[in-house]
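Once you've had a glance at the structure underneath, I'll fire off some questions.
Chains: A, B, C and D, in written order; residue numbering restarts at 1 for each.
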Amino acid sequence: MNEVRCTVPSDTAYLPMVRAMVTEGARLAGFDPETTHGILLAVTEAVTNVIRHAYGGEPDQRIDLLLGTRPEHFRLDIVDYGHFVDPSKIASRPLDDLRPGGLGVHLMKSIMDRVEYRPNAHGGTTLTLEKHAPAAKGSS
Amino acid sequence: MNEVRCTVPSDTAYLPMVRAMVTEGARLAGFDPETTHGILLAVTEAVTNVIRHAYGGEPDQRIDLLLGTRPEHFRLDIVDYGHFVDPSKIASRPLDDLRPGGLGVHLMKSIMDRVEYRPNAHGGTTLTLEKHAPAAKGSS
Amino acid sequence: MKVTQETQGTAAIFIVEGQVDLHTSPELRSQLRTALNSRSSPLVVDLNAVSFIDSSGLATLIEALKSVGSYGGKLRLCGLNPDVRKLFELARLNEVFDLRTSRAEACGP
Amino acid sequence: MKVTQETQGTAAIFIVEGQVDLHTSPELRSQLRTALNSRSSPLVVDLNAVSFIDSSGLATLIEALKSVGSYGGKLRLCGLNPDVRKLFELARLNEVFDLRTSRAEACGP
């Protein structure tokens, strides 16, 4: 067992707690501060999207986080029980169309090595985010 | 739902993650840094005792943490599935008997407003730690 | 997050500290709104003490950039640490915003 | 946690940084052990950069205090921030340990 499971409310007030947990997960995996910061950004975008899009802003729904901790590798599953959307329709705006919003998915995909949406059996979506340590990237 | 649930392995490597979570919980409750630091100490002693005494140092057992977040009030339930001990036997050494160890329970009780051990239905122990914000203490 | 307002000449300066995310960006937006309503220029946002900012923070700044443009004013950002600068680059906003190296430079003409 | 060793005259100085808990205190213990084995005195533990220390850290220091006493040496602590000092008070160890205000003072005769 080297996994941490966490359930947090779909409330933006808990975003700093999610980042605190993820920071420690990245530290256990041995990541440098710069890579850790990128992961924090990707995870924030992912959880924010669950709150806004899967739960329509309702703050009292459930988000499950499964954090895998092994050396040189970060993995987080973000599980919601909300509104499921065809993953092929989840995409950011074109970057040259300057308007507020529409950047989150682009940021996640730029930063992480794996961004994968899957429907849950019981409804809702599981989003898996993965990142290899920069040094381990070439060798894997 | 303003509760966070977390399951961590009974491995001392996860102590900083537990503290990171608790720090954010205390921040949500509006605690000052000094009170927060005391809570971190009490929680560390409690989780360390679960690892050492309830699980005999086995690092791959399960510890459940239930963190209640409401203003001016901190509450953490620490649930183990290990070796249950009569709560009346859980006590630190006398302080004037100078030897390494035997301080954890004394520290928890000095710092927190409530330290309560209960047997679980399914085996193991639940320890509840509670702390009121210093300002709210008199008024409650 | 904490936002402190200062003025220097005609410049309205917003000193942002801490974490900017969907929980805190509405507060930043409402503070910027007062300066936008009084058509201040330049609007200076000092990000030096920002430890974290996400796309909701960028959205707030893009909104302000568009509003300031509507009355011919200027928005300038300063104090971007390497992590924050990286975010602007990933979003290809480093060319869109007027990024200055210091607050003094951002307040100038 | 990180422990750096220095010497100054006969003093063996241990500069401890970060979090001392059951996960990290064995490393502190094993570093102190080398100085105890060579019967150094005074042993100085500088806690100035310690952000967190728990009862396993205290246990490690009590152990060292007893060992150093066995050969007539001295153990001194310095750099206790208010949170750390509070822990020593709660455990009633502030009178048991020789707490010094600065590293220089702790290294003296």
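Rule of thumb we're sticking to: a contact is a pair of C-beta atoms (placed from the backbone, for glycine too) under 8 Å apart; a residue touches a chain by one contact, two chains touch by 3 or more.
Only a predicted model underlies this, so the values are computations on that prediction, with no experimental measurement involved.
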Between chain B and chain C, the fewest steps along chains that touch one another: 2
From chain A, the most remote chain by mean C-alpha position: D
Gap in Å, rounded to a whole number, between the CA centres of chain D and chain A: 42
Computed distance of Cα centres, chain C from chain A, in Å: 26
For chain A paired with chain B, centre-to-centre distance based on mean C-alpha positions, whole Å: 29
Touching two or more other chains - residues of chain B: 13, 16
Shared-contact residues (touching 2 or more other chains) in chain C: none
Pairwise chain contacts under the document criterion: A-B, A-C, B-D
Contact set on chain B toward chain A in their complex: 1-9, 11, 13-14, 16-17, 20-21, 23-25, 27-28, 60-62
Partner chain D, residues of chain B touching it in the complex: 12-13, 15-16, 19, 34, 37-38, 40-41, 44-45, 48, 51-52, 95-96, 98-101, 103-104, 106-107, 110-111
Residue ranges of chain D touching chain B (in the complex, touch as defined): 19, 21-23, 52, 54-56, 58-60, 62-63, 66, 82-83, 86-87, 90-92, 96
